[in-house]
Every structure is written in structure tokens, then in C-alpha cells.
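Below you'll find a set of structures to go through.
In what comes next, subunit A is part of two complexes: it sits with subunit B in the first one and with subunit C in the second one.
After this line comes the complex of A and B, so read on.
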């Protein structure tokens, strides 16, 4: 009996351990324990967003295979979001074992400096690459450059667009030319007229975390931080920007969504707005409303004193991890695709994923000059690349997202109190800055 | 004489009306998300975002998009493999432990059991990094063993089997011993058939936990080819633009197995949870 039992148990255990082999009949299909690829022609990469970043990486893989190394393979490991990549780096660093990281990771621009500071040995720099860095917008590179050493290969272009529904503007008696280079005061005036005539808001914002104040300040050429410390409460322009935002909300110029879903699904997809201001990655969400094809146009941001404003929001870059045992291959791959401003990579990335380059060279291709039906035939991609070159470099902070959260709360409080007085705004911002400073000290 | 029971009956019915109203409202809130999940899987993303709650005509399109975007069948296969393997091993090990703890006399067993229960008090995230290091050094990342080993024996399951074993008649053990059965034979031939309700309840709980697990698989399954259904759903929900129709189609596929398991074992689950023995 005992023998039978032992035989049965052994068979059971063997059967369970055989299942993976049965499921992955083809050996190449079987997942391996090592994330970084052992094959000398293969690189592994963590990335997220199957409709945006991943088509761009696939385009680069095809480009490198076709023009440099036919045996090359990019093993793209899909993550559910940028936070997964951040967690993977944190986990590997906490465990003291970078062997669990892939060769390359796609990383959010705003977070890289903080992660480089916390885990300096998790990254490999791009010094070995022969790259014309002047081909890229200085603002984009400022996220991934530390002490003049480049770490990141820019993938997408986070340049902010100010998009307007030209048909609704016309209904209210205005045109896109009136809006280009206008002041925020003029914007508010137009916004009131648009809401009165059409019932649509000229702007929208995610109340749980939006970069509208950040982008508006960047368009003024300033930052919420000075030498690493938050200084926004004493910044006059920032005080004015927050007062303008509160005015816009109370005057029905700006729809304040409760969260991201409310912002995208209700305000934009729900067709509640006549204007959108955000990183250009918001375009696919706008295009979901097919009945508005041919009714939108994009331009630069308004500014406090008038004149065209430029800003950027979001975006990510590729970074080589400490676990990459083939840095030459990784650098060569990046240098011949994203960093080389390869039109083959970026044209396919634009067509398949809507990823817009921040390389001036890639932005000059024919594909970028084509008009887009949704935007009245405007060559928006070329326009965005041009706008991207004008985005001012402003100081970035590791506490960008925390700052955004505290300022968001200050705005909500001011709206609830209906307070746009200079004293009220300054007090709310001082409160927000105090909380941020407390967190930064902790 | 015949009027009185009728009056009583109608009075009882009247008294039950508020309960029924409450239950109907409660059922609505319980069932509506499931209904919405099914209808949303048949609508496109704009219709879902705009709050359409009736059936649409995009089910086939959502399904095609889902197949194109993610390795649906592979993830389903992985989830089944991990969940079934974990359920079988967990049930075997925990029932053996519960059997031993309850039906054999030993002075130290209660102290040992208390020590075991202490493990329940330690939050999972606290052991996440050491476990990850262990599994990583053992070379078990992206393997079925990496998924199931940390969950193969849980204090809760052992406690459940031990508690329910109290209803196992000791006389059966005595009779089996007299008949010449070994202790191992008693476990397989007497204990297992009699405790089948408990096994069913434990199977439902373990299968659902394994199927729905997200954090641990996310940590140890670093390869796309090893991903599970909840990881696939999370991938669908990421990105600047979410296709809600496709996402809900994925959620529907992810929900069906746990629903089937629950409905098939519903009766035994209820019996097993209350500790009944047949």
C-alpha cells in the first residue's frame, strides 16, 4: 500500500511538473526564468501600452532587423502600466538582484531622475553611442540627462497641444487665429461665449491629478521648483494661473472632472468640450469621437501676457539596465532606431501607434507632412515636432507628481470656496507648498 | 376555524414584504455589475464611455481585437494550469495537515498549530521580497512552481480542514484499524470520501484565489508567455486610450471559469463551509 502511495504521489508530482512542457510544446515558446536574454542577438524590454509604445518598439525591431542585423530579436514584455516597470526596478533593487530586470526598460520621463538618485547602479549610460543629441528637443533630453551624461533614448514626444473645435468657435464668433497667441484673459472671454452659445466647455481638467497648472507655467518659461525646492506659492505667475483656473471652473469655461475616467470618458469622449489642452498623446482619445472628424484644429498654448506658449507633458524614454550583458548591442539598436532619428522606425511608430517623434530629422519625413482628416487636413504631426523644439527647459523635480496632487487639492478648495482673490490663492498655495515641503523633508 | 390560518398566512406575507424589497434592491446591486460587464463586452469603447447599458453589436469585433492585442488562449491556459495545480496540491497538503492535527493525539500539536496561525497575522507584502529572492535564486521565476509554492499550504486551509475534521467520526478510524487499514489508507479511503464537502469548499476557495491572484504572479511571472488572466486584464486597462469594449470582453473571459466552478460546486461549497460531513 505504502509503495503504491509513494508511486502515486511521485507520479502526481511528475505530472504537474510536466504540464508546462506539454503546454509549451514548442521549446522557444516556453517562458524562461532569466528575464535578460541569453541569445546574443536578442534584447528584452519592459514596456506598456499595446496601442502606443509597443507598436513603436515593434517598428524599431523591424527597422533594425531590416537594415542592420537580420537575426536581431526584441523580446517585448508587456507591462500593465508605467508603475509596473517602476515596481520591477524597486523590487530588484530592494532584493539586491538586478538579474530579474530585462536589458532595456521603458521609463516615464518624470520619474527617471528620482530612480537614478535612489538606484544609481541600476542603469547604464549611453556614452558609448555616437549620437547627434542636438537633433532632439532640449526639454525632452533634460529628463534623461544627469551631470551631462545621457541615459535615455527618447521614444515619444510629450509636446502639449491646445486643440479647439473650430465649428464651435465659429458659432461663438471666433476663429482659431483669434486663439493662437491669445492671453488667458481672452481665452476666458471666448470660453464664456462658447459655453453660452453651444453649452460646451472650452477646456477640461482631471481633478484628481492634472498637469494643467504645470503646463501653463512651463509655457511662461518657469518651474514650480527652484534649486530642488518648491517655490510656486511665491511665484506671481503661478498665483495668477491658479486664479485663472479657478475662474474658468466657476465660469463654466473649464470642466473639472473627478478623475481620469471622468476627464477622458465623460468630457472628451462624451463630447462635452470645445477645447483640449494636454500632451499630444491625448489625440487618440479625441479621435474616438468620429462624428467630430474635420472639426478640430491644434495650435500653441495661450500665455498670461499673450504670445504663443509651448509646453510638454508626459512621455517616456528607453533606458539600458545594469542587467544588460550586451550593452554594445543595446546601444547599437537604439542608435540605429530611436536615437538615430530613423524615419523607418518613426514613420511606422506614427502610423501604427500614433507615437510622434521628438527628433527633428525624423519629423521631416513625408509621413509627418501629411494632413490629418480629423484635424481639417492640418499636418499636425509636423506642427507638433516644430512646437516641440520651442518647449522651454524648466527645472524638473522628483516630486512632480506629489506637487501636482497638493496643488490639485488647493484648486478644489478654492473652487469650493469660490475664492479667486490674490490673498486666498496665495494662502491655498502656501498650504499646498507647506505640505509638499513636509513630505520632501520626511 | 378555516379563516385564522389564512389571516396568519397573509400577515406573515405582509411582514415579509420589506425583506423582499430589501433583497430585491440588494440583488439588483449584486447582479447589475455582472449584467453591465456582459453588455459592455458587446459595445464599442465610445458606447461604454457614454454609459450605454443595452446589448450592442460589437461583440465579435471586441473579441477579434482582444485576440489580436493579447495572448488570450495562452493566458487562459496558464491560469488554468496554475490554478488547478495549486488547488490539487493545496487541498492534498492542507487536508493531510488538518487530518493529522485533529485526529491524532500529541501534546505539542496545539502549540504547533498556534504557531501556524501566527503566520496568518503576517501580511503577505511583508514576505514578498524575501520570497521573491528565494524563488528567483531557486530559478523558479516564470514557472508553475514559482506561482504555487508560496501558496501550497496556507494556515487558513489547514484550520478549515482541522475544524471540519471535528465532525469526522473517530469510530470509523477505529473500525478501519480493526479491519487492518493503515493510517495512510484511512486518510485516502475513509477521510477523503467522507470529507468531500469540505474538499469542495476548499477547492472553490483555493481555485478562486489562485485564478484571481494578481500581485504575486505579477512579481514572479516576468515573461509575457507566463502571464495569467488577471495580468492580461491589467495590460488591457493600461495606456493612454483604453478600449473598454475589448477590456470588458477580457473581463468576461476571466470571470467565466470562476463562475462555472462556483455554480458546479455551489451545494457542496455551502455544506463544506458549515462543516457538514457525509
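After this line comes the complex of A and C, so read on.
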């Protein structure tokens, strides 16, 4: 009997010890050591998403090779997600050893302010290059510019889209024109009708922390922060926005997903929604539902008082790290590709990866004027670039992600209590703001 | 004669120390040094590269008491502890008793089945539970086809049910692990003791409480300490199953410490270290109480 037990334990221990071994084996294969190349024509870059960012970087490499330097080589080191890149930066910077970083890193825009605050010597700026910055969306550049010094080369365009299923709107007795520039009150009214007629939600969000409140406030031209401090609890418009969101959730206008996967895989890919509001990078997820081809249309956001609203969310930029020993090459590469030297990069990035530029010049090229079948032949790319130019610049904060988490918690608490009273909303937001202030104290 | 034996002893002792040195140095460098550094960090604040002393020096510790999320996390962790550990250990002991029965057939098979959950990785089992209890998941479709519920239950999106899922998952994952210790303990109890009890006319209930439990006491104390320790450091389930949600209803202390240090790019290592030491003290106190209660030297 004892022998059996020992055999059992041994088997268990073996099984347990093999799992981490397998995990580490995978990790060891990732090319992390090869970040700095001796070759004077090679640059290394950390990036993620083989369907989106990587094709854009490949397009830039081909463009630079063809038009500037035939010997140039871009060593693209693929990471499994944006958080891997952000963790690599945190890790290198908190160890005080930047030698583990590649020449260039790609990460999400909201992180840069915080990274620059915490690790100011980790970055090299782009002032050496002669670049027409006015060609790019001012809102996009506001993330990567500190004290008028540009650090980031924008890759994509985070302009928010409000997409509707026109067939379902019609079933409920409305059209896309009714929705363009409507108020949120009207939106709720339509949403109730759509849910009643079709059983689909007109909006969805990720309950664990979503940028919906941020985008809705940006469409009003305001920010959750004033001079670096959170001021959203006393912002009347923000109180109204949160009350509207809670109403939408309780009235089945808005589907509240538990997490990101619930939001994308269940709500959007699971065909539960008649409307999507997010950065335009959400489009590839919508397109996964092939049977809805030709049923979607894109327009601007509703606003509290009516009128078209514009917002942006997400997107990423390329930054040159302190570890880059060839800054001239890196700056020249970015200046001749993403920073507007050539439209070839952006044309190929759009074709191969669906990456939309925020450069007005690149957005004027022929490729951008083509209609997209999924959206009833609408030339959505040109439309998005045009909308991007209207996005108001609002104050950004180092604490964007913490803020959205605390606000997400406040929304969930309000929904659980079924409370949309002005006092209740203000109290919940004051609580969230208090938590955030507490965290920001240092 | 005497001196030569002493010198042999001394020589052996020297070699003994020499063999101990590598492990000692490793433990000091890899464990004790970081612990001391963490203690120093816990009195500091600011960005990681140029941290300065907090003012007053105990500021990080004072903040913990006012931090609503840490208090929520602490309540959650103790709820898991109070509900999950007793259920798990009682179940483990029952299973060990049943599987220790000499007349039971296919004992090896049953033992393997109960132990098998422990061979799964923490992350993968948490993810599997997450998909099982998803709104469109297996549990909901089974309950619906049995007509026990009419609408899908949002297990992980409701505070109460999310806590239940975590406790359920913990019990599934760890019961077998503890059972193995009890089983090993039970096999060390001489069967003659039970035969003697039977001859004396003791009931099964009495035998269990008067013979099994006292003789298993060291094992029980050990499993208690390990379970308390493990629950206070609970991390994987909170991160992977619910991500602490909804609205921090399932977040654990370790998860919050992680969020404050590595999560979301916050980098509040001073405050996170202070919270770690609070958890460390809690583990210490609970383990000390446990040892005192389970002290066999009467």
C-alpha cells in the first residue's frame, strides 16, 4: 500500500514539475537576447499582434529598404501582447539596466506619460528629425509629446467609431441618420426599442474597466483630470454620463461584460450587439462575424446635448529607448516611414494589417478611398482619418488606467444597487476619486 | 588517544560546516537579503529608481489601515480562509478515512482520482473554471437543460456567486493534496490500536475522535498551517478566474499587492512591500496560534 502511495506521489510530483518546465521551455525560445545588434544597418523593435502591428512594421521596413537604404534590416521581435512590452520596459527601468531593451519599442499611448515620469532617462526624443508634425492628429500626438518635445512616432489611429447594424435599426423603425449627432437620451430610447424588437444590445462594454466613460467625456471636450488631479466626481457632465451608463445597463441597452474576453468573444463575436463604440482597432473583431457583412455602418458618437461627438481610444506609437546606440538611424528610419516621409508604409500597413494612419497626407492616398464591403461599401478608412482630425485634445493623465478601473468599480456598484439617482452617482464617483487620489499621493 | 579523537571530531565538524556553507550562502543571498531589502523598501516611497524615506517613516503602514481596497481584499481573503479551509480539511479527512479502508476495491484508482487535480497547473485550472462558469458556459447550459434555472446566471459577474466559484475551485484543487498527508498519517497508525478499541466496545465515532484525531494531530496541524499560509497568499485564482472582479468583490491581498507593484504600470513598490509585511505578520500570528493549539507536549 505504501509503495502505491509513493508511486502516486512521485507521479504527481513529476506531473507538477513538468508543467512549469514546459512553460519555461516556451519562454526560452523567445529571442530576448538578440535585442542589440552590432550591425550598423540593423534596428531591433519589440511589437505585438501579427495581424495588426507586425504587418505595419514590415511595411515600413520594406519602404525604407526600397527608398533609402537597401542594406537596412529591421529585427522585429514579436511579443505575445502589449503588456509584454510594457512589462519589459518596467522591468528594465526598475532594474536600472536598459541593455535588455531593443532599439525601438511599440506600446500603448496611455502608458507613455507614466513611463516618462517614472523613467525619464529611458527615452530618446525625435527633435533631431525634420518632421511636419501638423500633418498628424493633434490628439494622437498629445500622448507622446512632453513639454513640446516629441518622443513617439504614431503607428495607428485610435479614433473611436460608433458602428450600428443598420438592418436592426430599421427593424426598430430607425435609420443611421437618426443616430448621427443624436443625444444620449435618444440613444437610450432607440436602444430600448432595438432590444425589444431584436433582442440585441445597442452597446456593450467591459465591466472590469472600460474606456466608454472616458470616450463619452472626450466627445464633450472634457477630461477626467484637471491640472494633473482627478476632478471627475465634481464634473456635472461626467455624473450625467455615468448615470446614463447605469441606466443603459439596467434597461438592457448596454451589455456589461465581465471582462475583455466576455466583451469581445461573447458580445461582439457572439453577435449579441447592434452597436459598437470603441477605438477603430475593434473593427477586425466585428468582421469576424462574416454573416453580418454589409449590415454595419460607421458614424460619430452621440453627445449629451446632441451634435456629433468625436473621441479616440487606444492605439500605440514607437519610441526610441536609451539602449539604442544608433539614434541617427532610428530617427531617420521613423522620419522616412511612419512620420510621413512616404505613404507607401501606410498603404501597405492598411492593406496587410488594417492599420489606419493618423497622418492626413497618408489618408489622402487612393487606398484609403476604397469602399469596404463589410460596411455597405462605405469608405470607412477615409472617414476615420477625417473624424480623427476632429477629436478634441483633452488632458491626459499618467493614471488613466487606474482611473478607469476605479470608475468601472463605481459603475458596477451602482448597477448592483440599481441606483441612478444624482446623489448616488456622485457618492460613488467621489469614492472612486478618493481611491485614485489616495493612490496618486505617492 | 583522547586528543586524537577530538581532532577527528573537530575535523568532521569542519567538513560538516563546509558542506553547509553553499546552501547557507544561497539562502542568505536569495531569501534573507531580499527580505531585509523589502523591509527597508517598505519605509520608502516614490518612483523605483530614486526612492526616498517616507515621512513619517511608518507612512506606508499607516496608509494600509485607510485603504478601502486593502481592507476589502483582507475581508475576502479571510472569508475564503474561514469557509474554505475547514470544508476542505474535513473533506480531505473523510476521503482519507474512506480510502484507507482495507476492504475497499480499486483503492489506487480512487486515490489517483482524488489526487489528480493537484497535478494541474494553477493557471490552467483557473482558466478552465472560468470557461465552465462563463455566462454562456457549460454549467449554465447544464442547469438550463435540467430546467433548474430559466436565465443564464452571471456567475463571475455577481459578487456572491463569484466568491462561491472561487471557494469551490479551491476545494476542488486542494482537497486531494491534503488527503495525501492524512492518508500517509493514517497508515502510520497501527491497526492493532483500532482492534483493541473494537474489543473495548468503542463506536466508530468515538474511535475517530479518541484515536484517529489525536494520533493524526501533528499532520492536522501541519495541513492547517499550510492551508492558512496558502490561502493568505492566494493569487492565481483571483487573477485568472475573476481578475478580482466584479468591483473588487473577489480580490485577494496578494493580488492587490501585485496590482500595486507590477500591475497597470503603477510601480508603488514601497507601499506594496509594506502590505507584504502585513501579510507576513498575519501568517506568523496565525501559525503561532496554530502551533500553540496543536502543541503535543502537554
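By definition in this document, the second predicted complex is superposed on the first by the 406 of 442 C-alpha atoms of A that agree within 3 Å, B and C clash if a C-alpha of one lies under 4 Å from a C-alpha of the other, contacts with A are read in each partner's own complex, and residues count from 1 in each chain.
Please note the rule applied: a contact is a pair of C-beta atoms (placed from the backbone, for glycine too) under 8 Å apart; a residue touches a chain by one contact, two chains touch by 3 or more.
All values reported here derive from a predicted model rather than from experimental measurement.
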| item | value |
| --- | --- |
| Which of subunit B and subunit C A:94 touches, first, second, both or neither | both |
| First, second, both or neither for A:270, with subunit B first and subunit C second | both |
| Touching partner for A:288 - first (subunit B), second (subunit C), both, neither | first |
| Partner chain in contact with A:79 - subunit B first, subunit C second, else both or neither | first |
| A:439 touches, of subunit B and subunit C: first, second, both or neither? | second |
| Partner chain(s) touched by A:262 [first = subunit B, second = subunit C, both, neither] | second |
| Shared subunit A surface residues [contacts with subunit B and with subunit C] | 1-2, 5, 12, 16, 19-20, 23, 94, 96, 266, 270 |
| Partner subunit C, residues of subunit A touching it in the complex | 1-2, 4-5, 8-9, 11-12, 15-16, 19-20, 23, 86-87, 90, 93-94, 96, 111, 114-115, 117-119, 207-208, 256, 258-259, 262, 266, 270, 401-402, 405, 408-409, 412-413, 416, 431, 435, 438-439, 442 |
| Touch list for subunit C against partner subunit A, complex | 45-49, 63, 66-69, 107-108, 111-112, 115, 118-121, 124, 134-136, 154, 156-159, 180, 183-184, 187, 242-243, 245-248, 262, 264-269 |
| Subunit B-touching residues of subunit A, taken from the complex the two chains share | 1-2, 5, 12, 16-17, 19-20, 23-24, 29-35, 48-52, 76-81, 84, 88, 91, 94-97, 99-100, 102, 264-266, 269-270, 281-282, 284-285, 288-290 |
| Contacting residues of subunit B [partner subunit A, same complex] | 45-46, 49-50, 69-70, 77-78, 81, 85, 88-89, 129, 132-133, 136-137, 139-145, 182, 184-185, 188, 218-219, 221-227, 231, 234-241, 243-244 |
